[in-house]
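Residue numbering begins at 1 within each chain, and the chains themselves are lettered A, B, C and D in the order written.
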Amino acid sequence: MSANKDFNVRWGMAIDLDKCTGCGACMVACQAENNLAPVADASNKLRVMNWLVVFELSNKKPFPDHELVYLPRPCQQCGEQPCATVCPVIATERNEDGGIVSQIYPRCIGCRYCMAACPYHARYFNWFDPIWPKGMEKALTPDVSVRPRGVVEKCSFCHHRYMAAKDKIRVGGGSVYVPGEKGRKHSAIPEDGYVTSCAEACPNGAIVFGDLNNPAHKVYRLTRGNAHAFRLLERLGTDTAVYYLSSREWVRRLGDNYLQDEETQKPKRILPNKH
Amino acid sequence: MVLDRRGFVKCIAGASAGIMATPLPWKLLDDVSIWTQSWPWIPANVRGENFVVRVVSKTCPSSAAVKVRLVGNRPVRVLPDDDHPLGGGVSALAAAEVHMLHSPARVKRPLLRGPDGAFMDISWSKAAEIFAGKLKEAGGKSAFICGDETGSIAEVISALAKGLGSEDVCLMPSEGQCAAKAAELMRIPGQIGYDLEHSDYVFAIGANIFESWGTVVRNRRIFRAATPHPDGKTRLKARFAYAGPVQNNSAVLARPWLPVYPGMQTALALGVANILIAGGRTADALDFGAFKELALRYTPKKVAQITGVDPKGLESVVNALLAAEAPLVIVGSEFGQGAGAAPVMAGFAVNALLGNINRPGGISLLPWDEAVLGGASSRSRLYANDLAARVGDWAAGGNAPSLLVVHEANPLYALPGAIPAKQAFKNIPFKVAFSSFLDETAEACNLVLPVPMGLERLDDVRTPYGSGQSIYCVSAPVAQPSEDVRPAADFLFSAAKELDLKMGAASYEDLLKSRAEGVVKTDFAALLAGTGAVSHEKIKVPEGYSLCPAVLEKNLMQASAETSFRLAPFVKLNLGTANTGIPPYNTKTLRASELEGKDMFVMMNAATTAKAGLAEGDAVTLEAGGRRLPARLRVFEGVMSDTVAVCLGYGHTALDAFSQNKGANVMELLSAVPEPATGLTVWSQAGVAVAKA
Amino acid sequence: MEKNKHSVNGDARRCSCICGAAPFFIGALTALAFGWWIFPDLLFSKQPQPFFFSHAVHVEKVGSACIDCHSFREDGSFSGLPKLAVCAGCHGDILTAEPDGKSSSEERAAYAAEKNFVENYVEGNKEIPWLVHQKQPDNVFFSHAAHFSRCYSCHLTMKGRLNFGSPTNPQKLCMNCHLSLEELDKNKAVEFNALTGYSRTTKKMGECESCHAHPGHFSNDGKGRTAANNACYTCHK
Amino acid sequence: MNVNYNLPLDAELFPEGCERCSFSQFLLWLAVVGLVLLWGLYAAFLVLSTGLGVTALDDYFGFGLWITFDLAVIALGAGAFFTGLLRYILNIDPLKNIINLAVIIGFICYSGAMLILVLDIGQPLRAWFGYWHANVHSMLTEVIFCITCYCIVLIIEYVPLILEQKQLNKNPLLHHIAHNLHVTMPLFAGIGAFLSTFHQGSLGGMYGVLFGRPYAFRDGFFIWPWTFFLFVLSAVASGPAFTVLIATLMEKMTGKKLVSYEIKSLMGKIAGTMLLVYLVFKFLDTGAWIWSIAPRSGLDFDSFFHGWIYGKWLLFSELILCGLLPCFMLLSSSMRSNPALFYLAALLDCTGIVINRYVLTVQTLAAPVMPFDRWVTYSPNWVEWAASAFVLAYGALLLSLSYRYLPVFPQEIRLNGGQAKKL
């Protein structure tokens, strides 16, 4: 297994579950941005392609003490990926500064081993060729290639926007990096210069996107030492780049499996600076 | 040499060996796999230059301000417009708008119902001819329904109607209409606005402010800006409380959510008023004395009895309101319609008691915008016409018009089942629909005139209900229409010309320009660029305004139906509107617990489910007023006791595969009764019987 | 086959003894010829450009650098082929002098060509359906900005295996992947792979990797080392 | 040449001195097999032309019947390498009487698994990426390489048997090739054993490395999780038993004695011994799973099971009913000497291993890991069954042809009266 690579930049999210109402705007924005095909009957959720899924969490208490929380689940962009390590053809890897786990459609052979490996169910398979109602393909963006049947796909943190943001800086004559503390480099992209489509769309501002390694970014402050932050399945050691925030303990406890007498864990800090 | 079998085999063997030493097999192996990258039947990326155009969505009822991203001349994305007072994020509906431009449900060309009952394609000139002929023929016996309360199109329709000698111009029922009626009765000559931007504590009673009440996207943006993220240290200050029967998208964020029976907004608001008055609060209304007397009868205990609210919870919310610097109480319908004027009046009274009328963070009294076209009714005047009552008349026979023109509205789907809209339609000999989509109403019309969607036409938005300030926005078309469509306004202007009717403006653009430059006093070009014109002008609180205690009392007296369960409809924007149906890109946002194949789920809490003798997953039939609704049951603990929660937006029979065959339309179940003393028809309280199917 | 069966006796058997491996070699040679000479022609179809466009003439008259026409947009994206509007900026009307009795045949041809262009495309407002020699597949994100700003800006003054051009001949950077002006002006038909649909001159990933797979910088070992990274996401979308 | 019209049409091609059923009877049997093959081909056509959506697989069950089937046949086909190892390397000579069958079964299992894999991957035209763009860190890569190599080895082991066909063997060149291949057979047996050990192990490793799936994840030794070794052991514990079962099935179908009972019994004893070794480790592993991996992931034993379909009975069946029980039966010589009990034990042995492959494939994916996720169930549809049946039919076809025309069973003539009819 490859070692958890430390990058100068680590794109990540802090998703505020105190703010999410589960309205679905992020899901629609994600599909539109990444050229996912619509389906007339989407009730078989095990066959529906959604890079971002909003789960419904309940405190399981009877009325009127019932509480409800919505949890949007993009690809967790693990530092220690269950998926990329098992891919037989290197169609997915985490090898680029920014720490985004790639998915290369023309390389994927569709063996679905990565899907079996991912405990977050963040990976989706093209069971059939995608079909758009006649004419609707005109609304596809040029940023993301359209996937044929037989390949696996997943959230890319809108990687194409990262590329575009870097190009904007280059054409403006700048460098894509700026020096940071302790000999680190930070991306020169301004904090709002690269955001994912879901984070951008959310009218409640529930999804905060940025560089987990950059102290100037909001996600950095929200994720370090925040007792209200947690990650999904922390104890599996996947070292995800998606943090969740909730002021409610029952929500944080649902972020991982706990034996009855175990206490809810505080989040581990993200990777220390190894330089 | 004769090639024998052995030789042939050798030859083949040689060829096989030889071919391996050429590029052929290897190149083919490689190229075949490269071919799989770009199969011709998979849509390819079409590159182009990026442009961004700022518009206000005419499709999303929240009037969300958005930016449309175009590649070349193709709109590909709807992005938020954070700098616009109506923007900040996108709704699930607005996000799907560019794809709806290519929706299979769109009307592609003018359709005329032929003698055989089937639609046939006709040309626009033929359509214009028929339309003008029918207008001339019907004259004053024409009626109009307009589904756009914020756009100037309502004014065009009204001017045309006036010209023809008809007063029958109705808007579709909305919260704005209820508020307008309330203002009228309270003798407030303006539009009630809500200055959410500056409020530090909001208590929404019924009003689902994050999904269906007012300027939803703006409301959400304000909430976003005002609420910090949890940081593990600071105790977060509660800023928002919600009272309603369902743990909906607003209730999820509320601290606390106060569960109440459906349709209990007025009583609950009076309960709040009671505590405030008991604490010494007064208002300077003319009839405050009578109001006080009424409110004092609504003690927390009594209110708890009527509404089912937890009195302690209510008290804590009122205390929070009192502790807040700029508290705001918003009272509205739980599903965006049909609650009548009384809840708004009660809400106004509570705000008056809190002393926040025309104060920052309180209720703003905004001037009504006046009509620009001579002869046209103003918006406030149009609100006064109650469609439901009129449709009832038409169905009864006598007064049915000979021509009905429906503009971007779907009354056959969106009106309560108790209102005999279908019968009314039968009684009207000729019906015309201006619609982008072939919805239930368009299907029932004789002439269907396809109109461009909001993104394809020039249109405007006048202060949407809920906004805390006057705002005027103009949207320029961002895309060429993808079908053979004509803007309704242009079509109406030319029809008027044909009939020699004076409209007071040469074209729709002319009208918008006059409004911009004459009324709003803003540069039209700047408006076209997508900047809304905001005015902070307010009207004074009128000296002699009334809290209408008599009206409130009559409404409170109205007995609720004698059925075992109460019906709580609710709205989710991702299911689209009555006009759009479920947008193609939104079917995936429907949860497995909401829809499974054709079955939609209605929700009851476990105790209620047990009381009804039902179990999770049961096929059930809801029945009210002799009308039945099939569904399946989901046990969900976020529903008030004895209440069945049902989501609107399902059960379309028209439109396309993305909307059809999905659940049933809960509007069918709703009864409609006249609201005492207001003249509005209301359908917010409905009893329902639930039985195993 | 039936016929062969009849001949399985004396004669043929002797023949096969004598010739032995001959059929084998005949088969092999035929296959070799087919695979090396005929197959490539079958695989690629040739399509001509809609009309002749001389890069040399335009370089001379309009600007010296590729990016004068194939420019970057403010958002960082690369415009690629200029739109008709750019052409129409100059060619709104026919620029070439109308030929008279003294005109050479070249002048006449130039006039005719421009007249054809102005009448058919500019006046008809019809985009020119150019065939692109190096159109990237949909799944590739080739950052012109990265290659231009990162490589070009330094390498103008440095030497290396790749030809990065010079202030007087900056096109050379582009020529590492694109056809040279001379090649382009030969107005050759563009060859498209019948199976993949990509043009013959589209770079294969291996060629990108000749630099991308050799990280590290400032090494002059002729291996085309680069600061670029070879992660899949550097180039794929 | 005299033609004896009492003999089947194709008698010329039969192995020396063996009797076979009539040609028409054989054709009838082939027709039955052919029908199943056609059914499978239709399913394959659907999958290849429209996509894997025609199966019952989904995004939670990326693996299903096909992968279970592949893993099962590869385990059961392990008789080939293990018998080869014992016969050629460890020189357990009596096994020569069953080695041919073991090789054929091995070849069928491996090539059949590869056929299924072609359907199971979404982009079969890119299948060669597995070799060309291999990710050396992936267990699946190891599987792909080893299976391919071992399949080639099996072909090499199969070829001499084909060349020994009566008519082919008359050709001196082919005769020599066959003979020389036989001489080098120990070498290939050795290579086969090496490759097999690795890919059997890697198949197990495939699951053991899934650290996101506590149901399957196992700690391990160096880079190999314990499932790596368990898969090797379980394969060798079931392969010989499966070979015996197939031999017996063929005997029942042909009505002839093909392999002497002592040989079968020997195979059974070997299987039993290996099963015992396997079970020792499997029980240790199960313990570590319950008391270490589960609590580390915040889960308990119960959270790995759900309802009836993924109930604890599966674990009980795998370990006790189809584990300890057949192990005891195979090791007890008295039970082994009773054919009915012996075959039952072999069957239980194989079933246990199939259950193991099934739960690791399907239950691993069915068990939710995120606490708010849910258990999902999977049942294959006809397309998946048809494709699997295709492989079974393909195996039946190959076995039938091999049995009819090739000298697969050295003991056949002796066991069936020994009259070598010379024609």
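The criterion applied here is as follows: a residue touches a chain if its C-beta (ideal position, glycine included) is under 8 Å from a C-beta of that chain, and two chains touch if they have at least 3 such contacts.
Computed from a prediction, not measured in an experiment: that's the story for all the values here.
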Identify the chains in contact with subunit C as well as subunit D, in label order. A, B
Between A-B and B-C, which chain pair is linked by the larger number of C-beta contacts? A-B
Of all chains shown, the one whose Cα mean is least distant from the combined Cα mean is A
Using mean CA coordinates as chain centres, what's the gap between subunit A and subunit B in Å? 32
Quick one: report the Å distance separating subunit B from subunit C, using the average Cα coordinate of each chain. 54
Mind checking the centre-to-centre distance between subunit B and subunit D? Centres are C-alpha means, answer in whole Å. 62
Distance from subunit D to subunit A - Cα centre to Cα centre, in angstrom: 41
Enumerate the residues of subunit B that touch no fewer than two other chains. 32, 34-37, 44-45, 47
Subunit A: which residues touch two or more other chains? 49, 56, 90, 105-107, 129, 143-146, 148, 150
Going by the contact rule already set, what residues in subunit C reach two or more other chains? 73, 75, 77, 137-139
By the touch definition up top, name every chain pair that qualifies. A-B, A-C, A-D, B-C, B-D
Can you tell me which positions in subunit A touch subunit C when the two form their complex? 90-93, 95-97, 100, 102, 104-107, 143-146, 156, 159-160, 163-173
Residue ranges of subunit B in contact with subunit C within the complex: 1-8, 10-19, 21-24, 27-28, 31-32, 34-35, 37-38, 40, 44-45, 47, 49-50
Touching subunit B in the complex: which residues of subunit D? 123, 125-126, 128-129
Touching residues (chain side subunit B, partner subunit A) in the complex: 34, 36-37, 39, 41-48, 69, 71, 74-80, 88-92, 94-96, 98-99, 101-104, 210-211, 216-217, 220-221, 223-225, 227, 229-233, 236, 247, 249-253, 259, 310, 482, 572-574, 583-593, 595-597, 605-607, 637-641, 656-658
Subunit D touches which residues of subunit A in the complex? 1-2, 44, 46-47, 49, 55-57, 71, 80, 82-83, 85-90, 107-113, 115-121, 123-129, 148-152, 232-233, 235-238, 253-259, 262
